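Pasting a structure here, questions to come.
So that you can tell them apart, the chains are marked A, B, C and D in the order they are listed, and the count of residues begins at 1 in each.
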Amino acid sequence: MSNASEQGPTEGLRGRLHEIIFEAETPAGRAFDVGLLWAILFSIIAVMLESVASVRAQYGSLLLGVEWFFTGLFTLEYLLRLFSVSKPLRYARSFFGLVDLLAILPTFLSVLIPGAQSLLAIRVLRLLRVFRVLKLSHLLGQAEVLLTALRASRPKITVFLGTVLTIVVIMGALMYVVEGQENGFDSIPRAMYWAIVTVTTVGFGDITPKTAPGQFIASILMVMGYGIIAVPTGIVSVELAAATRHAVDNRACPACGQQGHDLDAHFCKHCGHGL
Amino acid sequence: MSNASEQGPTEGLRGRLHEIIFEAETPAGRAFDVGLLWAILFSIIAVMLESVASVRAQYGSLLLGVEWFFTGLFTLEYLLRLFSVSKPLRYARSFFGLVDLLAILPTFLSVLIPGAQSLLAIRVLRLLRVFRVLKLSHLLGQAEVLLTALRASRPKITVFLGTVLTIVVIMGALMYVVEGQENGFDSIPRAMYWAIVTVTTVGFGDITPKTAPGQFIASILMVMGYGIIAVPTGIVSVELAAATRHAVDNRACPACGQQGHDLDAHFCKHCGHGL
Amino acid sequence: MSNASEQGPTEGLRGRLHEIIFEAETPAGRAFDVGLLWAILFSIIAVMLESVASVRAQYGSLLLGVEWFFTGLFTLEYLLRLFSVSKPLRYARSFFGLVDLLAILPTFLSVLIPGAQSLLAIRVLRLLRVFRVLKLSHLLGQAEVLLTALRASRPKITVFLGTVLTIVVIMGALMYVVEGQENGFDSIPRAMYWAIVTVTTVGFGDITPKTAPGQFIASILMVMGYGIIAVPTGIVSVELAAATRHAVDNRACPACGQQGHDLDAHFCKHCGHGL
Amino acid sequence: MSNASEQGPTEGLRGRLHEIIFEAETPAGRAFDVGLLWAILFSIIAVMLESVASVRAQYGSLLLGVEWFFTGLFTLEYLLRLFSVSKPLRYARSFFGLVDLLAILPTFLSVLIPGAQSLLAIRVLRLLRVFRVLKLSHLLGQAEVLLTALRASRPKITVFLGTVLTIVVIMGALMYVVEGQENGFDSIPRAMYWAIVTVTTVGFGDITPKTAPGQFIASILMVMGYGIIAVPTGIVSVELAAATRHAVDNRACPACGQQGHDLDAHFCKHCGHGL
């Protein structure tokens, strides 16, 4: 629950700051987290609104002010984080340290490189900071079960994705030959993009087969896509059922200490000791 | 089964009315429910037909008459409901009380504010009144199992929806930068709309990536959308299996104490003792 | 396995014909079934090819000949079926009797009503005759398991479809008001068609929301559609698991004769007798 | 693990070559496999890039050189394979032997038949050669479980696909009659293509119903497609659960005889006896 062990225990002002900023067990720590959550959400809404041409035309200066306000706030927070941890460099190079830096950098850079509209979009990465706050919530346990299920499914999902990719490459090349440039399939990569659009049942319709053989091949691809969606679903169902089952029983053997016993087990399956 | 306890038992005419209008155990009550069901369905069909320009042009006055007929009917019903319950205000402020009011209000308001076409569409909310009638049906048990499964899945589904939303925000901002205004991605919210269209495999095709990097990112998003649909499906399958299992039985055999008997079992399947 | 009991046992020529036409246990009966299967498939391919303008222009007279050949064949078969059963009227009014008649009627009617192109399309219903032949195949058991699962899921699927329909009606009316006639949502039924296209994740893109609020509502509808597909999938998975489990054990109790015992049952759960 | 038994043991240079080319247990054999994997991937990327008009215009001669380099490499490899096996003809006629030949043939043929662009696309079949290398990897076990599940589901999936095909044929013919040529449904095969696009929820939108009855039928088809996706998913889930379970264990306890132990169990979980 506590991040203290990560950055090492600290004392005095730094220790107090660390408790507020990095932990959520004290009222001040919890208030800081809630405040941060709202600041992140509002700043992202501001970034989004700024990207809408009509809103930027009318409220451009207001949004600029809001942006600098949040950038100032996040800069202050970043400096306080650097100050409150015992190993600032280790924090700065951690995943969340980089995300924290990316949350403020684009605004400063936009002064140096004017017109760098695309830089500003990086600021939506602030959203990732929400996970820093949420990692202390009760949803974590559920996320853990989901992750366990997905991790256990990884080899099967790799096989599945490999099969899908093979189908996409071969079907894409086939459609490039059959339909050709005049129907929008003007290169194998583009035909592969079409094959992905089709096999995932997205079906934008920006490129569509026009010839009879092309429509026949497309039909086969669609039925394949419609059918093989069953495979990852089945995989995750089975692994999730296993993850849920295992989550229920977490008894450790009193003799050998090993876990992973079934719910109906009366004896340790590793050493035979009674549970 | 009876709603009487909700509004309190009443006597005489009010009691009789309450029995007919709110309950379904007497022949009169059941007849009232069936009649109401048909009235709701016909009035909604009339609202739908009225919205079709060609039908309105030809049968406009007939539909207006039908509309006022049903409004009169539902107004009478609403007044009778108010009269027959012991606490009319409590009924009026309940969910179904508000739905009952919304079913008649738009027609009356359309006289005061002529041309308020959009007001009339509110009348399709009458459809919600169907659930008032159906709540006494045999489908309720099944709906209960489904709801139990969905309620148990809620934390997992929250985590899942949060992940999808994060993907949508970040992918939307990325596509806004990569594709830009000239390809239809003219703001982050619109690019997010596109990302939702894509990740859910709907794929309208009103906005599509035109550049090679845009199509590459879109391909990744599509495969993600195609794959992560497996997660809610797996979640609901597992929870539904649990909800169904619990609905089945939890009797233990009085002789050997083992559980897991079917609902229709009269004897223990392990030792043959009567349950 | 035998249909004889259905139409009653017959003797002599009629009995022999019945055996060949309706049953599949003799070599002649099996040969008849296989021949019929090919005749059905070829006649349907001919109907399909005839509908293609360019093929009709070139091979029109050949296809007409093929059509009359198959019509003659199926007419002969129909008359033989009528002759070989003991109750011809009962056969003629049965489901497959009507399908057999519909397989030949359109061709004869096309002589009386020339140019009735649409009549000819009815002939694809000949495809249903395939099921008459296949009903004796080894796939029947599998179809039975699937049907048992779907039948057991029916109340849950009814609740599910009712919910989807309610969402479609209310979302359709909402989009009719929000987007309006100028964006293609020109009536509530059309807006409902759009809502079905969206919630089922088909996403044709023939009608799409153009306004920001419309795209926001559409996003919610898409996420709903993406999520609630999990519900029928979960339902069918659970019921199919149950149907498969029950299909495995089909022991009847020696004492009371009742079935439906679990695989691990040693005693009848109905009467307690040892299995 | 070893392919030696397939082609028979060989000695001297041939035996050494066989070990390197066909097996992966020696460091040289593993290095050969990794090198081959990279050669396949790079040659496929080259084929893809060559199909892009703008890349071909600029780097055409470079890509031609790359192509001939890889063709030379694969030709050398093919000859070495032919030399190192004891029965070259048997190898040449095997599936992977043909794939190996198809990987080099198109480039040579492109000299004889100039401009045969489509021939070059055949070279993406080189991708299939990846599976030759990967068949020794740890993913094989997972693929085996998936294949077992799919094989067990085959009769059910046949029934399912047959039902989908019947729906597609009948709905296609119906839409051909209802919508007709003027709305893009200009033949039954094209209308069937549309029905597949719709029932699989792909929804390109290249052909869409324009009339009210057509949109109504399309709505039914979409809801069917949305619902029946649950069937293959349920089938695969159930079979995958069974395949996973069987992969786990079928040891019985020598003391109490009960089964259902985990793969890593050394002692019976019911009585504690060593397994």
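Criterion: a contact is a pair of C-beta atoms (placed from the backbone, for glycine too) under 8 Å apart; a residue touches a chain by one contact, two chains touch by 3 or more.
Small disclaimer: the values here were computed from a predicted structure and weren't measured.
Undergrad: Check every other chain and keep only those touching both chain B and chain D; list them.
TA: A, C
Undergrad: Counting contact pairs by residue number and requiring over half to coincide, which of B-D, A-B or A-C is equivalent to A-D?
TA: Duplicate interface of A-D: A-B.
Undergrad: Where chain C and chain D touch, do the two copies share over half of their residue numbers, giving same, or under half, giving different?
TA: Comparing the two copies, chain C and chain D contact each other through largely different residue numbers, since under half are shared.
Undergrad: Taking each chain's centre as the mean of its CA atoms, which one is most distant from chain C?
TA: A
Undergrad: Is the C-beta contact count larger for B-C or for A-C?
TA: Contact tally favours B-C.
Undergrad: Just give me the whole-number Å value for how far the CA centre of chain C lies from that of chain D.
TA: The separation of the two C-alpha centroids amounts to 30 Å.
Undergrad: Centroid from C-alpha atoms only, then distance chain B to chain C, rounded to Å. What do you get?
TA: One centre to the other, that is 29 Å.
Undergrad: Using Cα averages as centroids, what's the distance between chain A and chain C in whole Å?
TA: 42
Undergrad: Can you tell me which residues of chain D touch two or more of the remaining chains?
TA: In chain D, residues 189, 192, 201-205, 225, 229, 233, 235, 237, 241 touch at least two other chains, as defined above.
Undergrad: Which of the residues in chain B end up touching chain C in this complex?
TA: Chain B reaches chain C through residues 44, 47-48, 51-53, 117-118, 121-122, 124-125, 127-128, 130-131, 134, 138-139, 141-143, 145-146, 149-150, 157, 161, 164, 189-190, 192-193, 196-197, 199-206, 225, 229, 232-233, 235-237, 239-241, 244, 260-262, 264-274.
Undergrad: Hey, which residues of chain C end up touching chain A in the complex?
TA: 201-205, 233, 237
Undergrad: Please output the residues of chain D touching chain C within their complex, sorted ascending.
TA: The contact residues of chain D facing chain C are 155-156, 158-160, 162, 166, 169-170, 172-174, 176-177, 181, 186-189, 192, 198, 201-205, 208, 212, 215-216, 218-219, 222-223, 225-227, 229-231, 233-235, 237-238, 241-242.
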